[in-house]
Amino acid sequence: MSLVLQEVRARVAGIPVLHGVDLSLRAGGVVALLGRNGAGKTTTLRTVLGLAQLEGGGISCGGVDLGRLPTWRRARQGIFYVPEDGGVFQDLSVLENLRISARMAPERVLGPFPELGPLLPRRAALLSGGERKILALGRAFASGSPWLLIDEPSLGLAPGVLRRLAQAVSTLREHAAILLVEQNLGFAQAVADEYVLMHQGRSVDHGPIAALRESTFFDTAMHFGSGQGGS
Amino acid sequence: MPRSRWLRPAALAALACAFLGWPWVTGTPFILNLLTGGVIWGLFALSYDLVLGWTGEISFGHALWFGSGVYATALFLQATHVDTFLGIAIAAILLTPLSLVAHLLSLRLRGAYFAMITFALAEFAHLLVENATSVTGGTNGLTSVPLSADALAPGTLYVLSALCLLAGLAAVLLVRRSRAGSVVRAVRDNPTRAALFGYSEVWVKALTLVAASFLAAVAGGLFLAYQGMAFTGALDSGTSFTVLLMAVIGGADSAWGAALAGILLYVLENSLSATTSHWGIFLGAVYIAVVRFLPGGFGALARRLRPGRRGRGKRQDAILAAGQAAAEQGGPER
Amino acid sequence: MLLNVLLAGLSLAAFYFILSAGLSLVFGIMGVLNFASAGYFVLGVYATWYGLGHGWGMLPALLLAAAVGGAVAWLVEAALLRPLYGNVGGQILTTLGVMLILGETVNWIFGPQIQEEPMQGLLAGTVVLGGMPFPVYRLLLIAAGIMIFLLLSSVLRDTAIGLKVRAGVESQTLAELAGVRVAPLRSFVYAAGGVLAGLAGGLYGPFSGVYPTAGVDTLLLTFIVVVIGGLGSVPGTLAASLVIGLAEALVGFYAPNLALTVNVLAMIVILVLRPQGLLGKPPGRRDTHAA
């Protein structure tokens, strides 16, 4: 079982953004998708969910072709997307947020995510940034999805919260394979076992995460010191 | 092809002359009267083409400017007793600052919210006119408007209305082909991009809407002369809906189409509705079918059927552009 | 006497709530300003009139109105709106056409004249409250408004489909990402909007008469209520209905012509200053996840 992208080309609002992305995420694995701002990392995740227009190439999950399926069907195929801002429903309570995509009793989330317990009746709009991130990961857990696509979980969080988040991601990887977009290299290296480097809308290199710095494309693709924000 | 350089204007001029003169050749007073109304509604529908076709905004209150034209002209004539046609022009000009303010206010909003504020403004004016009985005559209307003798002669009114329509049509078509026209279209199709080139979406659209309101007010003034009195019906939501239907059927982005649809549908309604009560149902059905299957209206159909037309590239559908703002599920404000 | 004015205001509020709640939800989930709602309303007016005229009781006649409104709305969504999915402008224009056709059809079948609703028995009578007679029917309106509010809120709050509807109202993309199929949800909400509009129409006849332009005549009031309450919000719609109903009863008591004008003015001011409505979401929220 793998989530496989082959030669994926995609457009956002009519403009070509992805020119050829190959990657493969096997069950239980964690792949870090790395690259500069604007390299197409977020667009890659959105294309997997059908939120960007697929132009060519193929996306399949466990042998099922996803390319033509509507977004809700891809979600039901077991692919759960956690966007940069968490993607929680602001108008719903924490419990309802867990319930709407849950394939298990929402209370089971409280095992790995106990801090959500006292927040269950609260409207998600009233959560702090860190609480919202935890809720987003809690929803990913509750969905029971075997494939998680997580975009920049560490963005804008204080170091204390960051540690808790890394812990949460490790919990999730016991249950699911993760495709992780991350700017924070330390965070990525701590949780991922493979990397895919992206540059200008293409995947240019991949390998085990330990060998990341030896990649010939490392300097071109990473270009440290660039600003904040996704692609 | 040097010949076509004068052939086209000459053909257009001949067409215009025929348009101005033919009621005398064939017409009974009844037909002349019917056509006068049709031409005035053609001008009104043309003005709506500027709203939906040019700005890509749906207004459900365009009757506001038609009705303002009716009442402003009536009140101005009562106050000054000048020549009717002069009064129509002055009233329409006096209304422009008011319409600029109203459009700048409305254009703070987008999509369904813009649609709703246009509706609300028109209804507000309707209620004001209905309740300010001492000035407007309320629901009885203004029946004692001092119209000059030439305005009362049906032939003169027809020629003048037809001239206004032709002038409006010519102006709209000329501006469309000019630089200003392409700026307006760029703003409609991609406001963010146009803003990068220094064009403010709100101001470009507001000025376009002011032009639309001006044409509608002229049509309203002519309609006052046509009816000889001012009625609150001119400000009615039904009037807004009718002109919207006309423009959409004729072509949301086609000046010719909208004007011709205005003339034809007015004439048909007023000659047929005596014999059939299903006119409204029929019109509504045609309109729904056009929105679904022919979103550019009959104007776009004619354009497509004309052979040897210079390729102008694919035109974006105005109705789609109108919906985009709403579909983005963004906030209500621009 | 104040009690009577208050009760009259509450009964108006109840009617406005039923009239507007559907429109507000339909806008929330489809982004469509549903003019056709006025068409389902007028169908409801005539369905109830037809039922009562054939000796039905008030309740069956109202159920007929709700059923007709819902059935026609369901058909319209399936046949005319669904094919235009993604073209909100086209959908809004289509609902206007539906409203005009339904109004004209009713006019063609039943004629343009105002008919009186054949009310009988207890509902046609009055009770004495605070020393003044008060129509029993208006008390029924208040009861109906409270029932519909409780029903709507409990469906939205406590059922699975209610949760999905609220999620879809907030963001269709997020709902789809959670595995919710939004298309049938839209049909459901649209048909429910038709049911509410039809029911409101059925309730309208007994106090305002039965005539073909009833739908267009109430359109403005519906818009006022949904704008002030904030489009997409049921509690907001309730609050706005109360404000408008009570204001109309109080202002209307002293200056009948002024009430509607004041309300439209309030609508314009709110649109310009606070378009999300008095109770609506704060401004600046964008659906950043939309495809």
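We just call them A, B and C in the order they show up, numbering each chain from 1.
Simple rule for what comes next: a contact is a pair of C-beta atoms (placed from the backbone, for glycine too) under 8 Å apart; a residue touches a chain by one contact, two chains touch by 3 or more.
What you see is a predicted model, and the numbers here were worked out from it, not measured in a lab.
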{"item": "Chain at the geometric heart of the assembly (C-alpha centres)", "value": "C"}
{"item": "Identity of the chain that, by mean CA position, is farthest from chain C", "value": "A"}
{"item": "Chain pair bearing the highest count of C-beta contacts", "value": "B-C"}
{"item": "Inter-centroid spacing, chain C versus chain A (mean Cα positions, whole Å)", "value": "42"}
{"item": "Rounded Å distance, chain B centre to chain C centre (Cα mean)", "value": "32"}
{"item": "Centre distance in Å when chain A and chain B are each reduced to the mean of their C-alpha atoms", "value": "52"}
{"item": "Contacts with 2+ other chains: residues of chain C", "value": "171, 285"}
{"item": "Residue ranges of chain B touching chain C (in the complex, touch as defined)", "value": "56, 58, 60, 105, 108-109, 111-113, 115-117, 119-121, 123-124, 127-128, 130-131, 237-238, 241, 244-245, 248, 277-278, 280-281, 283-285, 287-288, 291-292, 295, 319-324, 326-333"}
{"item": "Residue ranges of chain C touching chain B (in the complex, touch as defined)", "value": "27, 31-33, 80, 83-84, 86-94, 96-98, 100-101, 103-105, 107-108, 171-172, 216, 219-220, 223-224, 227, 231, 257-258, 260-261, 264-265, 267-268, 271-272, 275-276, 283-287, 290"}
{"item": "Parts of chain C lying in touch with chain A, wherever the complex brings them together", "value": "163-164, 166-167, 169-171, 173-182, 281, 285, 288-289, 291"}
{"item": "Chain A to chain C touching residues, read off their complex", "value": "46, 49-53, 70-72, 75-76, 80-81, 83, 85, 87, 89-92, 96, 99-101, 139, 143"}
